[in-house]
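Take a look at the structure set out below.
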Amino acid sequence: MTSVTELLAELLLMPFIAFVVGLAMVLMYRKIAARLQRRIGPPLLQPIYDIVKLYGKETQISHGLIHDIGLVMAVGGYVAAEIFLPVPGMDGIADKGGIITLSYVLMVPSLGLALGVGQCANPNGSIGISRALTAMLAYDIPFIIVVFGVATHYQSTSLVGMIEYQQIHQWGIFEMPLLAVAGLFALQGMMGKQPFEIYVAPAEIATGPMVEMSGKYMGGLFVMQTFQLYTAGVLYTSLFLGGGANWFEFLVKIFIVVAIPMSVALVFPRYRTEDMVRIMWKWPVMVALIGIAFVL
Amino acid sequence: MKCDEINAWLDALLSEINEIEVTRKSERRVRVDVPASSLPALLELLKGKASYVHLSAISCVDWPGDEEFELVYHCWSYEAKSLLSAHTRIPRNSAEEFAHYVSVYDIYKPAAFFERDIYEMFGVYFESSPYMEKFILTEWNGPPPMRKDFDAEAYVNDTFNWADYHPQWLQDIEEEGGGIAIRPEDIRL
Amino acid sequence: MSVLDDLLLFTALASVAIIVLRRFAFISKFSVVVYVLATVLLIKMSALGYGGEAVYSSFTVNVLGQVLQWRFDALSWFFALITLVVALFTALFMSGAWGDKYRKEHSKEAYGLLQVALILNVLSMLVLLASGDLLSLFIGWELVSWASFMMMALNPDKVARKAAIKYIVYAMAGAMAILMAIAMTYNMTGSLDYVQVMQGMAQLNNSQIAVLVSLYAIGFGIKMGVIPFHLWQATAYAETPGAGAVFMGAISARMGLYALILVIVQIIGLTRVAAIEIPYTFLDMQNALAWVGALTTIIPTYIALKQNDARYLLAWHGVGQGGYMLLGVMIADSIGTAGGIMHVFNYATYQAALFMTVTAVIYRTGTSNFSKLGGLVTQMPLTFMVMVVSIIGLAGIPPMNGFVSKWLIYRALLLDGQPLLFVAAVIGTLGTILSVYKLVHNTFLGQLRLEHQDVREAPLSMLIPMLGLAIIIFATGVMPGVVLDWVAAAQIAIGIAPVEHNLGGIELVQGGLNMIWVTGVMFYGFAVGAIIFYFLGGKSKHIHQYDNYAGGHFLTSKVRYHYSNHFYAGLMHLIGGWYRNIFIKLEYALVSLVSFMSQLSENFYRSSQPAMLVAAIVMLALWYIMSADGSAPVLVQGLQGGMSK
Amino acid sequence: MSKIGNIPVNAQNGKKRTNPLAGVFDELVQFCQSRSMFMLHYCTGCGAIELPPAMTSRFDMERLGIQPMVTPRQADILLITGYVSVKTLKRVILTYEQMQSPKYVIGICSCTVNGGMYWQSYATAKVLNEYLPVDVYIAGCMPRPEAVIEGLRRLMGNIENGKGIAWKDYFQRYDHYLGNQQHLFGNDWQTPTDIIGEARHYGLETEQTCGEHSRILEQHQQPLEPYKMRIKL
């Protein structure tokens, strides 16, 4: 067990690294979007400007205590989830709770946000949340099948164990190609970007859950977005690409993993809710089940 | 029936009725002047018999001089491919608040919208029209604005005040060398 | 006089006292004292919870050569503890303002009857849990069925009565199946006592075991409300008067699970069950039961998703979570069974708390219909907090105890290599999360209605049990080891390797769980989130609910700016078509078949000389029984074997 | 822009800033506020057709850090594009009050400057400045995207050197604005946002915030206090 001081350092450092890498990912997303539309795209530090401006707002509105607590739970849930994700050099407490615990801790922010948006008493927000939970139902099933396949293949549910296994043998992606593909599909849904962005549909429900978020609430959601991208990237890397031996290789892997769904996202329109559920339950689940057949 | 047969038949029919006078401006334009009381009957005839099934608009012309509103019903026939505009005159009675006329909603359903519009803009109350209330000028409680005796400019002068011609922010821009390239008074043609 | 005797005698005397004094005002206080004393007596036997020896009651009856005795072992102690704790909280809940309002609305007599029903339920459950052999098990089973029927029948309106009647029909059918199974066991193993029956099981061949297991499974399954027999439970539990629903929802269906564990897992043994192959399918009996559990997790949860009344939504969840427990128990290894048994405890705590919050909402607003509620969070904040804690538990999300038992079941399914069962369990959990948010959103969040503006918080007498349960949910979530000790002791009692655990959770080489660390890190995360939120951002101003973005529209109370009915419209577009209530049609078909048969026999009986007919039938029956090697068609080849012994 | 110059600015400097972060990194926050502005997606008049080209690939507003946002809560700039009819002005004021400060208003098209070609129409507001504090005007009967971006860059310059405080004027001289609004919409005019309460909450209240117009407002104002989370057994 890492020593207490080292653990304290990890408790502080891991969320901070997640935030910084997440900012770079958000910048990458907006740059890719701009380049695809043949525009120049935002300056280098734009995500930081946005977040500092949002936190620097003079007036903010809140609809009540649960609105505040909901947002604290959302950002706090992701900070906690970061500590479960092993990064090169720091394992946090990834061995205290395995991948099942992580996938459940990832549900805490969405539940916290749901409660907070509920008190905003705005039907746009409630419709957004009901769609977000349906989306979670949609992409979680292929993700769980992938998790099952991976856990049985590596004979362990702790991410640390999986990474060690992959260091010795080949990477997960070569041994379980089908599961990797299904995982990428589920990742697309988990990141909530374009094709499965039904719950933040700006045109229909005025950015869904974010409709009543101003100032530091909106800033909190921007921070949450950075964590969301980071978590998706690191989770996929540690499951299929063998984690990172050193930092540079780890970062390269995360950015590639996150770049693929982003570029896929920007060329697709938005699916309706039931189409999203139908697609997510049809193709990735099929691929994942076949993948499991090989693993068992 | 081909379109010119309908036209010929219609002209013959209308010419028998004495108090209306028909002027066929072109092969596809007919103007009928009809007294106010018999307009609905004419519309029924047009819609039922003469294939004028589409009421495209009702427009209103204000004649303050001879104290009358002129209502024009534009009906269009797809077979006859011709537009018939029925003109009638109704008294303006500008003494009271509204002029009155009967609604043709039961003949042409779109009439409800046109009548509502005229009610708001000219103050002509159409009896038994389904929605006789404001919907464009909900924030307006002055007189019906489209009437000729309503002077918009006077109303604007006393309710709004004007922006000064050379405001502070324009002066700032000019100091920085921006603004209008050539000043209007120096334009010499 | 062993402690068990004191407990059973005390409860019997208390029920007599309550029956006598039911009309008096102090009955509510008196019942609370009764349950406190009963719990104290139970705690005196708490050695059982930590691996102590079974406590035998000195009272035995021998009936035609069989000895009926009553005893408490770790498993029954565990269930008895949950029953008494839930009963205590229910009594506390009923004793305060809720009871007075119930007396005013109904009558003193009705309230008295509710108390009587509660004590009779507790007494019959204790007798069932204390059963030492199959016959006393059946006696206890019958008592429990009738006691819960009495509790359900208290609600005067028609729907409740119909549901109660439907329940008792199901229960009687179940009891007949169990009686048949007990008779066959007696036939095959020559005795009713658990120990001899266990030894006797060794000589039985697979087909006999198959018949026994299926009959027991049907009998106990009906009470647990597993998938083919789940139609009665939701309406029955939702319609029982408020506080009664708290008790019924939490524990009454788990008696079926107790009996199932006792008979199928302990006596027959899962290895024997797993050995039976079901023809034409690659399933064995154990997998079949596990699949029944998995289906019971999914289908009722998605029916709960469509409900428009809070009580029905919770009752359907009761059925769903029952499936979880069966699934957990049916996985043979120690982690799965531990998960299943622990889920009984976890589920009892948050289901009771949820029913209490819904009853509190009904107490204050008069309705639990989602389309008449909304925005109560500012009026009833404590009730909202208790509901949030219990829905986090019900959904199985970390800091609460529900997560631990679900984690155990998932871990067991992972180790056991059952992908489809694992996915079925996850679909069930996700369905729970969706319907649980619908419950919280439609009652507490969104726009507050005009008529609810002066609704006040639930009275103190209702808040204390609710907050107590919330604390239990959180405490056992952070330190699951407390409950795991009792569960390990229960596992030893039923002959399964106990799960090795410590206070924080489970140690496993392939990735264990330590809830103290998980909760610690989560609260560290919340602290960081709170620091970011409260110190980095500026001051925020609370605003009125009409000061809301509505696309430039001026919001007033005339326009209800709230989204709650048809809550998951997008999802329902896809799965809406799948609700073809096939089971209800199946039930109608059965009912009509039975009524048709009875009609047939009725007019057959009325045809000519009825007396002659009866004599002929009696003669035929006598002949059939007398003929030792009766060539008459035998119901099943197993019975044939038994007869020949 | 209008007559901001002569407002006593000292109402603010003595007090502690409402936002600890702003106090410490005043320059950084101001720089970030100028570099990242969220534009409200609200087309009030005909001029809005010039905004899509300003956002897309040819003129790309995102280079300046400007993103279109959907709800007033998240937006910083309210673009009043084109003529403002009396009906639209009600919704514009509601949206402006729902936006969170620091917020800026840019009047695009000459109709917002002096009524433009609808100068003698009975239905349009002539000077936008009477009803809302406007930061930047962009003249032109639909200015081209280059002009719109020029206006936005001018606004960024104003914010950077601290001149982007027109929003405080709305709180500090609320009675003046309320008077103009009541003059146009009638005395029973009210918005669900409680501006006076907000001014008090953020310490922006001066003696000109409340006056005879706000007294008229108080007479018929609906109760606007939010429902407090209270535990009354």
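So that you can tell them apart, the chains are marked A, B, C and D in the order they are listed, and the count of residues begins at 1 in each.
To be clear about the criterion, contacts are C-beta pairs under 8 Å (C-beta built on N, C-alpha and C of every residue); 3 or more make two chains touch, one makes a residue touch a chain.
All values reported here derive from a predicted model rather than from experimental measurement.
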| item | value |
| --- | --- |
| Chain pair with more C-beta contacts, C-D versus A-C | A-C |
| Most central chain, judged by mean C-alpha position against the global CA mean | A |
| Averaged-CA centre spacing for the pair chain D and chain A, given as whole angstrom | 36 |
| Centre-to-centre distance between chain D and chain C (centres being mean Cα positions), rounded to whole Å | 58 |
| Length of the line joining the C-alpha centres of chain B and chain D, rounded to whole Å | 39 |
| Touching two or more other chains - residue numbers and ranges from chain C | 377-378, 381, 448, 536-539, 541-543, 545, 547-549 |
| Touching two or more other chains - residue numbers and ranges from chain D | 18-19, 21-22, 71, 73, 90, 198, 202, 226-227, 229 |
| In chain A, residues with contacts to at least two other chains | 55-61, 63-65, 206, 211-212, 215 |
| Chains touching one another, given as label pairs in label order | A-C, A-D, B-D, C-D |
| Chain C - residues contacting chain D, complex | 377-379, 381-382, 448, 453, 456-460, 463, 535-539, 541-549, 552, 554-556 |
| Chain C contact footprint on chain A (complex, rising order) | 11, 15, 55-66, 68, 71-81, 83-84, 92-93, 95-101, 104-105, 107-108, 111, 114-115, 118-124, 126-127, 129-131, 133-134, 136-137, 140-141, 144-145, 148-149, 151-152, 155-158, 161, 198, 206, 211-212, 215-217, 219-220, 223, 272-274, 277-278, 289, 292, 296 |
| Interface residues, chain D side, partner chain B - complex | 1-3, 5, 86-87, 90, 113-115, 119-123, 125-127, 129-130, 136-137, 183-186 |
| Contact set on chain A toward chain D in their complex | 30, 34, 37-43, 46, 48-50, 52-53, 55-61, 63-65, 202, 206-207, 210-215, 218 |
| Chain B - residues contacting chain D, complex | 137-142, 145, 152-153, 155-156, 159-163, 167-169 |
